[in-house]
Structure formats: structure tokens, C-alpha cells
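Pasting the structures here.
Next come two complexes, and both contain subunit A; in the first it sits with subunit B, in the second with subunit C.
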Partner chain A sequence: FNGGWQTSLRSPVLGDMVTLFTFCAEVEDTLKRIQGINGVIGTIVVNAEGIPIKTTLDNSTTVQYAGLLHQLTMKARSTVRDIDPQNDLTFLRIRSKKHEIMVSTDKEYLLIVIQNPAE
Partner chain B sequence: FFTCINIKQSIHQKLQAFFPPSFSTNMFVSLCFVCQAELKKEPVPLQDDSDLEKKRREADALLQSMGITPDAPVVPTHMSPTAKSAGSPSEAGSQDSGDGATGPRTLHWDCDPSTLLLHSEPGYCTLSARSPSLLLFQTSRERKEAEEEETAPPQPEVEAEKEKPAEKQDEEAPPHELTEEEKLQLLHSEEFMEFFDHSTRIMERALSEHVDVFFDYSGRDMEEKEGEMQAGAKLSLNRKFVDDRWSKQRVVTCLDWSPQYPELLVASYNNNEEAPHEPDGVALVWNMKYKKTTPEYVFHCQSAVMSAAFAKFHPNLVVGGTYSGQIVLWDNRSNRRTPVQRTPLSAAAHTHPVYCVNVVGTQNAHNLISISTDGKMCSWSLDMLSQPQDSMELLFKQSKSVAVTSMSFPLGDVNNFVVGSEDGSVYTACRHGSVTQKSYPCHLCLANMLYIKLELWNKKSCNNKPLYSFEDNSDYVYDVMWSPVHPALFACVDGLGRIDLWNLNNDTEVPTASVSVDGSPALNRLRWSQSGREIAVGDSEGQIHIYDVGIILKKKYFDLNTLVIAENSTDRPIY
Partner chain C sequence: MEIVYVYTKKRSEFGRQCNFSDRPAELHVDILPDTSLAANFTVRDPCNVTVQCAEEMSEHEVNTERFESESRGVNHVEGGWPKDLNPEDMEATIRYRKKVEKDEHYQNTIMQIAGLMEHCCKQNNATDIYQEFFEDEDEEVMEESEEQPSAKTINVFRDPNEVKRTATSLSWHPDGNHKLAVAYSSVEFQRAPNDTSFDSYIWDIENPNKPEMTLKPVSPLVCLEYNPKDSHILVGGSYNGQIAYWDTRKGSQPVEMSTIEHSHRDPVYKVIWLQSKTGTDIFSASTDGQVLWWDIRKMSEPTERLVLDPSKKGNLDSALGAVSLEFETTMPTKFMVGTEQGLVVSCNRKAKTPAEKIVCTYSGHHGPIYALQRNPLFPKNFLTVADWTARIWSEDIKESSIMWTKYHMAHLLDGCWSPVRPSVFFTVKMDGTLDVWDILFKQNDPTLSLKVCDEALYSIRVQDNGRFLGCGSQLGTTTLMEISAGLCTLQKNEKALVSEMFERETKREKILEARHREMRLKERSRSEQSREDEGKEADGEESAAELVARAEREFFDIMEAEKKKEEKERDTVKDVLLLE
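Then we have the complex of A and B:
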């Protein structure tokens, strides 16, 4: 693996476990940083099947957002591709009266961020 | 736990339906209790020792047949007590382990007296419905999980699990869920890394932008907002400025905001009758930016200061007009609190109180205009105050002198101005011409007539009547001023401590917002800040109150048939 791995503590037995841990810490830090931005309500990482793998929201909300937005993103992606097969969806931004939902997508994963734009 | 068991007969009946006859309810309940105790490795109070031993052995045997040894850690999980146990129509009550979950070794029990739910982390606790000896009440999700992993021994990745407490928060997904190790795998796949790096980069940029492209100036989107926000404006007290030594017991005679530093406010005060040894005239410069409660600069002079202003193109100078007719100049670069320059007390200058001072003009060509109550208007150069550059008597119809109490120059105009006099009339005057009482195009002015009524004059009207008269006040109105930013908004203060905010677009009968100052002092002066977001109010006790003004625009606007509410310098209305 290149990038993102820190092998500071390399104990012979737990070596791999620790590298695993420090990488996940980076992901955690980044998500925490995003979550800490003023106005951000929640952050969800969803995999290709629409299953949330990381979230800062509660159970039911996460499941709801992940499912619905996954479907919507698929539809949006197919729309973009239908118009131009060489093209692909990269970012989706839904602005409603109360919130703004931003979906960044790449290689079938989704990063969903919900924010309150008034703040 | 004991209490729970003893009380619920019905539970036992229900349990009977599911247990094989050989397995008594009591056995089951105690068995579970023993299991729990065993796992917690705590001493268990029991009635019967031999019974306990027997039960313990049976429990061990049962658990081992499932693949759980008493040493295997079992991870508790949060589970909804209202679980949809698809396969178990009847549920018996259970109780939360009395001492609370002490860690990964406790089977978690739900407190609901009508259900018995064995909560367990899927994959770890394999108390399965298929087992003939032990009961499983699980949600459909759990059951499926249990079915899948019934044959597999519990995974040892629970160690890794403990080290990443954050991942315990991961939620399940409706159709199927990922186990912890699957999620972990995903999280450190190269594909995910690439995606994550790219996406978070863009997301952080998008989140840091603060432009709101949706703002609606017509206020239509405000209509749907709930709460107590009404169209119009609201006033809220920001802070108070008062100085124990210099401003107490003096009346605030004038206020002015600095054009260069919007946070600076100069206030002039007249004499303090209770302190005859202190200077009669005081001017204090207050600072809004800092929380310091003392004035930025203290200036004083021998005669009561009736008007004060920041010199427009000289950020260091403060001009004051005094009761004696002298005009004084303070400089904050000098270390003196007394004026650096003074006009002479001669007939060439003023001999009556100077109520208005104003710097008009441009950077290269500007003058200080002062008008005293005897109707004399002088024009000075700030470099040389020893004699006026120009002076004239304001005479109406060439004979009657105008006792000026207030003066106002329209924006951008240096020659024509409006004065209000003691007799309650409003006059327009020209610096190089005569004084007329006729109206002047393209200007609206508010006149405070005889301290009782507010009147709105349109300089366009030919007859000498005000356009509108505001009669909502119960007391003398001491000062009035248009908002510098909102075309239809003005504020006025009265002698009973009330500040009224009028929005002509909303209502001309009643003020849009009104607030009473604490203690109801007589409010003498009012001044909008340049941003139009604050109002400074001076009272008769030497206090200055700064109010924040929040403006909410309403949907429709009011329009008098000949009145154009908003004007800019090109004479075209904004609304």
C-alpha cells in the first residue's frame, strides 16, 4: 500500500493490527474534521451496495439517508451516462428549504454530508 | 432479577409453551441467571447449593454445545427492546443485569417486564432457536445471523473490535449488513482510499464556502418561517456607555459616528450642575469594538458642548460647538484633553450657542459649517479657526432671522440644506443665496416640530404642508433620524424613554418596533451608525444606549401616490 499507512509501532505479533489501526485513525480524523465544520449535521460513508460503513448519525437516520441517497445517486448517474456515455457523475448537491445534502461519489462509494447552510 | 422471576406467573406459562417438558421454567430462568453470573464471575446468592452446582454444570454443558465456553467473551450490544422477533410470538420478561453491564462478558437483558429478549452481538452469542434446550428470542436480523454462524465458533477478532471503539457505532443496513471485518476490509482497500481522499477534499472545499445563493430580498421566504419574527424590525440592547466621572449627571447633547472607524462614537455633554469645579463641556469618544467600559478619549472645554462631530476628512479631529458660541477642535494626537484650536468669541464668529456643526465637501475642498441659534451661519477652514471663511445671516424673506436648532445637508449637496428652527418651521436654505420656505425637489426630510409631532416633508410639494404627520407619540419627541441604509426606515426618541422604529413600507400609523429604555430616562439624541445596524441613543442622565437593529423585509410595500419612498442619487427609485 502506498500512502495512508504509518508503520510506526511494528511489534512482530501485532504489527499488522497496528498499521490497520493507524490508518483507520486517519479516516476517523478526517471524518471528525468534516463533522466539526460549522453547520454540518452528519456524515455518512456508503459502499457500493448502499450499506453505510461509517456514520456520525444515529441508526435509523443513517439507514434512511443511505438507502434513499444511494438510489438517487444511481438514478443521477444513469441520467448523466445516458446523456453522454463518456461522462460520469462526480458530485450531487441537493438544496432543500432546511438543509443541504452533498454527495460526493467515486468508484461507487458515496460520501454524504448533510449541513444546515444557514449557519 | 429474583423479583422479576417471582412475580411473573404468566411468563412461566409462556415459557412452558416453548420448552420441552423435561426442561422446567425455573430451571431455565435460573440457568440463565447462572450463566450470567458465571460469565461475570461474581458470587451468586442462592437458596440451594447443590442445586446451583447442578445448574452450573448443566449450563456449562449447554454453552459448550453451542460453542461458547464460559471464558469466551461475549460482546453486549444495544438492541431495540421493541424488536420484531419474527419467529417468537410470545416473549417473556427479563431484567437488566442488576449491576449494569460490566463489560464484554455479560449477556444483556432487557428491562421490559413483558418481554424476554436475549440481546447479543450477532455472531458471538450463538443461543440459537434450533437448540432444543435453550430459548432464543431474537429479532429476525439476529436470527439470521445466528443461523449463519451457528456452526462457526465465535471469531476472535473481538480483540480488534475492542481497540476500535468507534466502529461499534456502525449501523446495520436493511437488506443485509456487513460484519465488522468486512467493513474493515472495505475501509482499507485501495479503492476506498482513493475515493475517500478525493471526496473529502472536495467536500471540505464545498463546506467552507459560505455564499448563500438563495437569499430572497423580497422576504417571501421569510413568510414561511415560524416563530415570533414579524415583518419589520426588532431592537435589542447591545451595551451602555457611561462614565462615572465624566458623563454622569450630564445631558447627552450630540452623537456622531466616525466615518473612518465605524466603531468609534463621539458624544458631547453639557455641564454637570452638581460639580461646578469640573469643566462645563465634555466630549467623550467611545469604542464599540472592545469590551472596555471606559471611553477611548476624554476631551473637555470650558463651555458646555452643544454639538460635536468627527471632522470628516481628518480622522484625528473632533469638532465641538459650544454654548458660548465658540467652536473648539480637539486632536487625539496631542496628549491634551483641552482643545488644540478655538474660534474667537467675536461678533465675526458666533455669539450664540452653536447647535449644529458639520463638515461638508470633498477631500480637497471642504468646510466646517456651523450655525448658531441667532441664525448666523459660518463656514470655516479647519486649518484656520481664527476667523470664518464666510458667514451669513439666515434671514427668511430678508427680514426675519431663523433661530436654527437643527440642520441637515442632503447627501452629496454642499450648497443647499434644510434647517429647522425654534418656531417649528422647516426652511431650506442655500449657502450662496437666500432662505426660502419653499420645497426642494428630490428630498424627503423629517422634521421634529415643536417636539410633539413628527412630520414628513417632501421638498417637492408646493404647498407648505407636510406630507405626513406621525401622531403616535405621547410625549415630546426629541430627536429623529432616517436610517442611512433602509429607504423607508427611521427612528425617533421621546422624553419618556421610548425608542420608536418606523418602517414606512409597513405601516405609517404605528411604529414597526418600539422599545422602552431601562429606567425611562428622557432620551435626548439618536444616531444611526453608518451600517444602519445600530442605533446610539443618548439620554438626560449621561448614558448612551447602543441598540442593535434587525430588519426583516415584508412582502408588500406601501406607496403614497405622490411619494417615492426610496431614492438614490440618480433620482430613480429603488422600489
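Then we have the complex of A and C:
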């Protein structure tokens, strides 16, 4: 099903509105699924400017996480690229005493998930 | 052999411009190899040569200028919103967000990265990848690793005043050990300039730039102690003999001071908190020969007084000056005083008459006893630090110490036991070195000897965990050091070995003491006998004269024998030369 809709992205404009709509739902579903995983405390989607697009946490926490992790990801990415310019950062995992912060990165967006790992 | 090349220049040509010209090489000296020297060398086969094919690197350490940092808070504000958008406007932000969500690129990206994320989240739930596998084995590994004992400086606290005073006493905060109270005073009599500050400081160990609190006494403090029961109260003994106590919640001025008439007449060298229900009892000692007990709630006069008169008459003129005190909370009725004269006086507080208060004295040191402390795990044995040695004593043996260090080149000014290991103690010397002794490892030399600073170190105090210690120097610099784990973790069998060692040494001293006593008795009986013989005086004198004559004769005989031997040797040498 997924694969079918993906290829249809290249199909003409008429079908576009429909695919966009379903895709929107897909994104929602995926994020909901991630939030539903055992132990996940919160999920945040941040764009390149550091603006939180989607979040399941309260505003002040979101802003704090978004700002701080954005900077850290930039630094981590520049580190990786310094060592090998062909390389790029894909995932960042910060394990602390209380929980684990996972950052999945792309050139433009950041997906931050805070999870309480299994005991 | 000097290789010299001489060139000449006419005096009339001095000062002329130099004209350089090329010429072929000239051989001036040719030193040919001397093959006879080869006889001193042998061929070595094989030769071990290490070769490394790697970049050569060198390590450097640089100390920068002191960097003063301050902690401040920052207020975060949401940013990144486009210029035309007001972040406060809820509707506008929601609209913007919805717009981004509709973007195709956004959706593709999210699908991708969310997939990766899901995988990792599930992974976390499946197994705990950060599980501690070797927790139980940690202890074994620790014992096997034989690391070199070492100590490193963590922080240095300098006296902020222009005129530096000596850091004479240190006291760690009773809970948490994050603060260190240091008493500053000038120990040399009348040597301090008039505008020397009287202040003592409480330092937070994280911040060496500025003391956390200042204590302002009327006269410089020689000793300072935190109340082990109440961490806000400190008591200090000052240079003019008064005792004062501070409450850190109430500010820098002392809450109350003892009245001058009833205080000591000399600087108070040590003050210790006693174990009592109210937690307000202290006792202090000074070189004026008195030990005074006080209740800090009523500082107008001491609750009890003891004069350290060895003849037990309470005579202040013949009293010994006290320089250190010792009190163990497990033995509240006994205490010990270290005196200027080199004697340790053991006293009983609960004795009925003042004469009985002084139980016994231990002699053996040549100078004032600067430190006196019982071993925290073996209270029968105590450590004294004085003159050029440190000695360990057993309570039962009064004539001499059971163990002692060799005589050092510099005076030892302070010392203390490690609170966690019964075989480890620390001493500081006048040349600025800190020695860590481990009597189970080595008895002749310190296990670790470090030069902390160039000036004399006057005081040392170890934290209750045995890991950190602070030492104060003559110029008011307090250095906070951390010692390696090996020196502050109890080794297996340590208590048993140390107790064996102490017992063995105590036994040895007892045997020696008994032997000495025997010899003394014999001497006495012999001298008594010879007094009886003195009736025949003439014989007595003759025997003495005869002895002298005999000694002379023997001496000259030996000289003659030696001379003859030398002559014979000379003759034999001459014969050998003639033969050649």
C-alpha cells in the first residue's frame, strides 16, 4: 500500500491533492505510533530555523528542547563532516540518567523523541 | 686537547673594510683514530633497537592566567519565526505550522526519519543496551590494578589580602564537605605589619576566586573548628587568648566572645568540640599552661580549668605550655595535651581532685608537639608530630614511642591519620612537602612525597572520606588535593595487619623497657657495692691510675706495631722496584 502511494507522487497534478491528503494522515499516524511506543515521553518535530512544528509536550519544554538540541545537532553534524566531508549525521542518541533523547536528522527537519528506556 | 687556529693582521690594517675571498679547504688538524682504545670495547651482538614508524608527537602542558567565571542565568525566548510573524499571535503561528505540515518535502522527510526513529525506540524497548555487565566484577578489578600512589592538586585558594598571613588551621564542613574554613594569623611574634587583616575565610571548594564568607574576629584566629553537630556554628581561638563563636547565618561578626579576664593569656592553639547533649561544649588549650572548658552559651567564664603542672600542684609558673589537644568521642573522659616542651600529657577529665587529673606523661620529642591524634580505628595508638620526626605511641608504653620515622631535613609542622585506612597518615614539612606514609607498605620512607609549594606548610586536614585533603602554607595558600584510590580504600586484611604490627612493636618496647630496668637495677647495685669498697681508698685510686697506665701502654704498643708493619711494607716495595 505504502509503496504504491509513494510511486504515485510522480503522477500528474489531479491525483496530487488526494495523495497529499493521505500522506498527511500517514505522517500523523507515524508520529502517533511513535508516541504510542512503550516508554516514549514526548515527540517534537523541528524545522531548520528551530521552530517546533509538531509537539506532544507543553510549550516551554518544547521551546527548550528545540533550541538546545538544534544547536547540538548542528555541532554534531559539523563534527561528522569535518572528519569526512562525504559523511553526514543521521542519528544522535543522548543517554542520560533519567531517559534517552533521540534525534533523527535530515537537512531540513529534526525529529526529537524522549524515551524512558526499558528497565 | 685544544684545537686552535691563529691568524694575524697588521695593526696598520685595523679598521679596514673586510675583503672576503674564497679559497680551497685547508686541513688544520687531523686526529687519527687510536686503535688501542678499541681494547676497552667489546662487540655486542645482538643489539636491541626499537623503531617506530609513526608521527612523532610531544605533549605540553600550559597554565593559563587565572580565569574568573561567574554563573548567570539566561532567559530563553522563542526565535526563528519569520520576520512578518508575531510569535505571540497564536493564530498566526498555528497557520504557519499547518502550512509547513502540508509541504510535500516535510512529509517525505518525516516518513524517512520517523522510520529510523521507530526502529531505535523499539530497539530500546527490546534490550537495554547500556546494561552494566561488570558491576560485580568491579571490586575484583580494583584490587588487581596496582596503580602508583599519587596525589593531584584540585584547587588552590589564595589569601586575598595584600599582606599574606599563614593558614594556621583548617576545618572541613561536617555535612557534605563542600566548604573549608581556614584560619589565618601571623605566627611569628610581632613580625606582622600593622595593617595586616584579621579576617579568616570560609571557602567553597568549587570557587577558588572569592571566599564564600568572611569571619571578622577582634584578633587573628589561630584555630577554627566547625561544630560537628551543627554545621552553622564555628568556634575559633584567637591570638590574644580569647575564644569566639560564629553562626554563619548571622553574619561575619562573632556571636559571642569570651571575656578577656577569664580567657587564656597566650594565643589559643587548639580548640575542640566536646561530645555533649547540648552540643555546645568546647575545650581549648594555650601555651599559657591552661586547658579551659567552655559552654558557648555562656562565654563570660570557663566552666572548668586545668593547669598543666607536671608536679600536680596547679602552679601556673611551672606549667607546661599546650600546643595541641586530642579528644576522641568514643573515650569522652580522657584527653591528651601536646606541650611546647615535647611531652604528651594524658589527662582524665572525671578525676576527683585536680592533682589526679594529670594521669601520665609521654616523653620522647625534642620540640613542641604540633599534632596529636589517636588512630581512628585503633584508639590505643596515637600519632605525634614534632621537631623532625613523627612518632606512633602505644598508651601503655610511657618511656618511648613504638614506631618513629627517621629524622628529616626539615621540621614537621602538622600531621593526621587517614580516617579510612588505619595504616596511612600524612605529615607536612617546613620545606613545603607533603608526605603520605603507609606503614604496611614501607616504614622507612614515605610512600608518597610531594612538593606542594615552596614555602612551609603549616597545617593539614583530611576530609572524612579520606579522599581529599587541604593543606595550608605560610603565605596563606591553601591547596586542595585528591589522593589516588589506592591510598583511600581499605585493603583486605588491613585492620588485622595493622593491629599485629602495633602489637609487635608494643611488645618489643615492653621487652626493651624491662631490659633497661634490669640494667639500671644492676648498675645501682654495682654502684652501691663500689661505695662499700671505697673504704680502701688508696687501692681505689691506684686501680684507677693503673687502668690509665695500662691503657696508655696498650695504645703505644698498637702504634709501634702499626709503624713496624708500614716499614716492612715499604721495604718490600723497594725490593720489588730494585728487582725490576
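Here is the rule we go by: the second predicted complex is superposed on the first by the 94 of 119 C-alpha atoms of A that agree within 3 Å, B and C clash if a C-alpha of one lies under 4 Å from a C-alpha of the other, contacts with A are read in each partner's own complex, and residues count from 1 in each chain.
In this text, a residue touches a chain if its C-beta (ideal position, glycine included) is under 8 Å from a C-beta of that chain, and two chains touch if they have at least 3 such contacts.
What you see is a predicted model; the values in this text were computed from it and never measured.
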| item | value |
| --- | --- |
| Subunit B versus subunit C as contact partner of A:P117, first or second or both or neither | both |
| Subunit B versus subunit C as contact partner of A:K54, first or second or both or neither | both |
| First, second, both or neither for A:I94, with subunit B first and subunit C second | neither |
| Doubly contacted residues of subunit A, that is, touched by subunit B and again by subunit C | 20, 23-24, 27, 30-31, 33-34, 37, 39-40, 45, 47, 49-51, 53-54, 63, 67, 91, 93, 95, 102, 104-106, 109, 111, 113, 115, 117-118 |
| In the complex, subunit A residues that touch subunit C | 9, 20, 23-24, 26-27, 30-31, 33-34, 37-40, 45, 47, 49-51, 53-54, 63-64, 67, 90-91, 93, 95, 100, 102, 104-106, 108-109, 111, 113, 115, 117-119 |
| Complex contacts: residues of subunit C adjacent to subunit A | 76, 78-81, 96-97, 100-102, 104-107, 109-118, 120-122, 124-128, 130 |
| In the complex with subunit A, residue positions of subunit B that touch it | 160, 163-164, 166-167, 169-174, 176-178, 183-184, 186-188, 190-200, 202-204, 206-208, 212, 214, 224 |
| Subunit A residues within the subunit B interface of the complex | 1, 3-4, 17, 20-21, 23-24, 27-28, 30-31, 33-34, 37, 39-40, 45, 47, 49-55, 58-59, 62-63, 66-67, 91, 93, 95, 97, 102, 104-107, 109, 111, 113, 115, 117-118 |
